[in-house]
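Each in structure tokens, the structures are laid out below.
In the two complexes that follow, chain A is the common piece, with chain B as its partner first and chain C second.
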Partner chain A sequence: MAEKFDVIVVGAGPAGTACAYTLAKAGVNVLLIERGEYPGSKNVMGGVLYRKMMDDIIPEFYKEAPVERHIVEQRFMMLDQESAVTFSYKGLEWDQEPYNNFTVLRAKFDQWFADQAVKQGALLINETVVRECIVENGKVVGVRTDRPEGDLYADVVVLADGVNSLLAKSLGFHKEFRPDEVALAVMEVLKLDKKIIEDRFSLEGNQGCTFEIFGDSTKGVLGTAWLYTNKDSVNIGVGAMLSGLIKHKMKPYELLDYVKNHPVLRPYIQGCEQQEYLAHLIPEGGYHSMPRVVGNGVIVVGDAAQLVNAIHREGSNMAMASGVMAADTIIQARELGGDFSERGLDNYRVNLLNSFVGQDLKKYKDATHHFEKFPHYFDKYIPMMNRAASQMFTIDGTPKREKQKKIWNDLGSAGEKFRMARDLFQAWRVMK
Partner chain B sequence: MLHIVACIKQVPDTKIIKMNPKTNTMDRSSAPAILNPYDAHAVEEAVRLKARYGGIVSVVTMGPPPAVKAIKKCIEIGADEGYMITDRAFAGADTLATSYALTKALEKIAKIRPIDLIICGKMTIDGDTGQVGPGIARRLDIPPLTNVKKVVEINKAEGFAVIHRKLEDGHEVIQSSLPCLFSVEKDINEIPYSPLPNMLKAARYQPHIWSVDDLEEVDRTLLGLKGSPTIVSKVWPPEKPKGGEQLQGTPAEQVDRLLEILLTKKELFAVKGGE
Partner chain C sequence: MTQPQLPKGQSIEEKQYLVRFKADTQSHLHVLSSDVCATQCPDKLCTIFCPAEVYKWEEVRMHVGYEGCHECGSCRIGCPYENIKWEYPKGGHGIIFRLG
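For the complex of A and B:
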């Protein structure tokens, strides 16, 4: 006789674990199923974890959790082939508790987070793949795993199975994502001595900094590169929309090699030893790509529901928020007599859309698509900015007024200037 | 009804472990802790014998608290009970002290349920000695049967076991009295993908954990570092083999070159001891 749980959560990433943690804490009998050897072993992100959502789930988690460094400086680089215009903010208000955000290594952090869910009473099994949802009379009633005697039943199944969410797809909640709905990111973890990191990035103790790098880092394709400091390693990665990579016939690892050897970036990672190479899809379709998130006996959370804000590099926080909202909805449905139909669970969808998650996704609903349609933001305006800065800061005896004139002329003909103004206005419109 | 006890150990995965070049010791943090692969086969064989003859499979380990994970792995394979002895007094033990401590644990387990058969892995991948199994057998005064690659029969009523021992050029068939101790080769069985109910059982399972005070009639001078006459005078990583050739060119060229090497270098196919 197959066992029955109150809730089965598929996938022990931030969304699934947040959901299982919240349910277990409320005394719900929950099973968390992870396909990897341990939670985190298959999970990838650039490396920044925002404090707020995690802190709401486990207050002052950073005192115990394996975080790498707390971020005190964020740099934004507009990269050209041999130059960069950088904007940076360093704030020591971020150097004290409760901090703003952290770099984390997911293999360590996710494992710790899942351990906390287990401590609350969730049951965790690893190395087990859920092949499909068991559907009876139009309702999801359990899961079928790849193990012998592998069926399990539950009142509600929460799908936190990540960006490809084969399970949500097999339920008909979404189609195969288009190449303009997902970004492909590749990243390396490079070992670097703690002392060298602190010297090279002007950091003290556990302070950390992040670089977001635009422009030549993706050779003009819509995307970004990043460089984040861990305790004794750095993450360097690059991600670009799959459609752009296909169109420009670029291979992601070649792009990463290019970034690593870029003359502006190379000095930061000199002498590193490669520790890990990771690649992952990121759902960046935003609001327009959100699949159905609730069905009879089933809820979709995290990356599986495409909850990523590509513009602000947020994802894990949205994942956690969605996991908690799913748990709260299930707890409420149990209290109200146990209606786990689509209607009974619809509060999850409503709460999700009304929360910062839904609002931010709505706000930026056209951003990714807009920037993809107009590549000159990346391949034209960023080099232009670099040329302007070079003009301005090169002291060669030319009067400043003449320099400004040169910069103005560099913007092109009147028609091109008009187009640029229009582009900037439109960019502002999709971002506002 | 047989009571079979498998002795197991959690070890760093030596396939990927790094050596600290300064101290020439293993950097244990560089590799995940796993169930010693030989021990997994020992547990699997115990589970198979249980399926054949009926009975109970227990596992026992000595190690630090995180070694509970290795016991859970054994429950996934199909073990029924897990016992762990953990105490600072056991720390730093060589194979002599380890076999003594495990013997004391086995004596205690035997009081709960008499033991018919003990199965160990042939050796651990971090120590490579293969001494603990025979050490336990000697202390318990039961026959040690090493390099077991097949169990033909366990006959509890008549009190004997028949097994195959792997030899350099074949195997020998041995009949032994029961209880006895096997240490098993990897090729004794294949470990199947565990059924889901085992996974759930393992996730919920809490092993019996004993400290040195829970064991009876223990001579503490024989435990841990104190009870370990072995001195490790030097550890060094084996020299990396030199030579070799990396093939260059297009895939087709590389295949041609590889074929040429395989066809001309006869020594690659030389069989030890002639044709």
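For the complex of A and C:
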């Protein structure tokens, strides 16, 4: 007879592992299935892990976990071809416990996190692909893996299978995603001496710094580039809407090389040694792209449920929060007599939508779509901002009032100024 | 809008060389119909946006270098003709990230 578990979790990323950890800790018999050689071997992230949601699961995890640096400065660059207007916040309150966020390398971090779930009693099986859910009488009762005699059964199956979300799709929870619902991200890990990182980014000890880079870094396609400091390496990457890359016939790795060779960014990575090249999709569709997240005997969490706040580069924190909420719902359903139907598990959906995850996704539900539809925020206003700064800060004997006039004229005709005001209002409206 | 000109950087082959792969003996990617590529898709879009240059057009057919696939899913979503059947490679196979 095939093996039966209380719960099977598909995918040992932040969402799946958070779920398995929480269940195992409560004494639930949980199987965690990972298709890679080890957890993290298929996973990619720009690199920022927020402390709070992980800390809720394992208090003071950062004392044990393989985190790279705690972030004390976040810079935002509005990049033009040979210039940048930069905003930054550096706060030394982030330099002390409990910290705000960390850079992590996912292949290392995910392995560590899954190990903690195993220590709580979860069973982890690597190198196993779940090909489909086993459905009987309209209820998910298990999974079919690619192992010989690989059918496994459970009261509840949690789908944490990542952005492609093939299992939820096969259950009819969502249609195939469109190219304007996903961003393609490519990244390189570049080895750089610890001392050099500290000097170039003005850091002391284990402090870290993040750059989010808008504008010329994506050549008019909606997206961002980033540069994050690890212990003795930096992550440099660029993510752009797949629809934009297709429209502009742009090769993602050429865009990455453009960013790496950009005269404003080049000095930060000079002399580095390439360690790894990675590509991954990011779910950017937000609230409108969320699939059905609960069915009979099944719950969808993390990227598989498209839980990413693209505006604030949050994802793994939402994944973890959703994994915990799924676990709590299952634990509660068990205590209430074991109703694992859609109705019995519906608390997950309700709690998810009421939490910061649902609220933030709802808040920004139209943002990605708006900025994709109106690319001039990136290819027109950012260069304009750079010209204004150059004009104002270049001392050439022109009186300041005349400079202001030049900047004003640079904004274009009365019609163009009106359009710009309208655009700024619209941007505020989708972000508010 | 004109297509932006990006400077030639390092080749994709050099980037791919940094990555560890454990290739399966069979492809997990299947172009359903080369005819569709040949007759309906003049730009051969997957050969452009695939981050690992898995797809290469060879006059009458699409060559699929599945061994270097990052398993991102872009081709499945991005192919305007839904002409790519996309699965995960067998458990433990395919790309193996060591860091990021």
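Keep in mind that, in the parts below, the second predicted complex is superposed on the first by the 432 of 432 C-alpha atoms of A that agree within 3 Å, B and C clash if a C-alpha of one lies under 4 Å from a C-alpha of the other, contacts with A are read in each partner's own complex, and residues count from 1 in each chain.
Throughout what follows, a residue touches a chain if its C-beta (ideal position, glycine included) is under 8 Å from a C-beta of that chain, and two chains touch if they have at least 3 such contacts.
What you see is a predicted model, and the numbers here were worked out from it, not measured in a lab.
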- Task: With the two complexes superposed on chain A, say which partner A:Gly40 touches: chain B (first), chain C (second), both, or neither.
- Result: second
- Query: Which of the two partners, first being chain B and second being chain C, lies in contact with A:Thr128: first, second, both, or neither?
  - Reply: both
- Message: With both complexes overlaid on chain A, does A:Gln332 touch chain B (first), chain C (second), both or neither?
- Response: neither
- Item | Partner contacting more residues of chain A (chain B vs chain C) | C
- Message: Is A:Pro148 touching anything from chain B or chain C once the two structures are fitted on A? First, second, both or neither.
- Response: first
- Message: Under the stated touch criterion, which partner chain does A:Asn100 make contact with: chain B (first), chain C (second), both, or neither?
- Response: neither
- Look at A:Ser390 in the shared chain and tell me whether it touches chain B only, chain C only, both, or neither; answer first, second, both or neither. neither
- Task: Applying the touch criterion given at the start, work out whether A:Glu3 contacts chain B, chain C, both or neither, answering first, second, both or neither.
- Result: first
- Message: Just to be sure I follow: which residues of chain A are touched by chain B in one complex and then by chain C in the other one?
- Response: 37, 128, 145-147
- Listed in rising order, chain A residues that touch chain B in their complex are 3, 31, 37, 123-125, 128, 145-152
- Within their complex, chain C touches chain A through residues 1, 3-4, 6-10, 12, 15-16, 18-19, 22, 43, 45, 48-49, 51-53, 70-74, 76-78, 80, 82, 88-92, 94-100
- Report the residues of chain B in contact with chain A in the complex, numbered from low to high. 32, 192-197, 199-200, 202-204
- Sort out for me which residues of chain A touch chain C in the complex. 35-37, 40-45, 47, 105-108, 126-129, 145-147, 163-164, 166, 176-179, 181-182, 184, 186-189, 219-220, 233, 235, 242, 245-246, 248-258, 260-261, 274-281
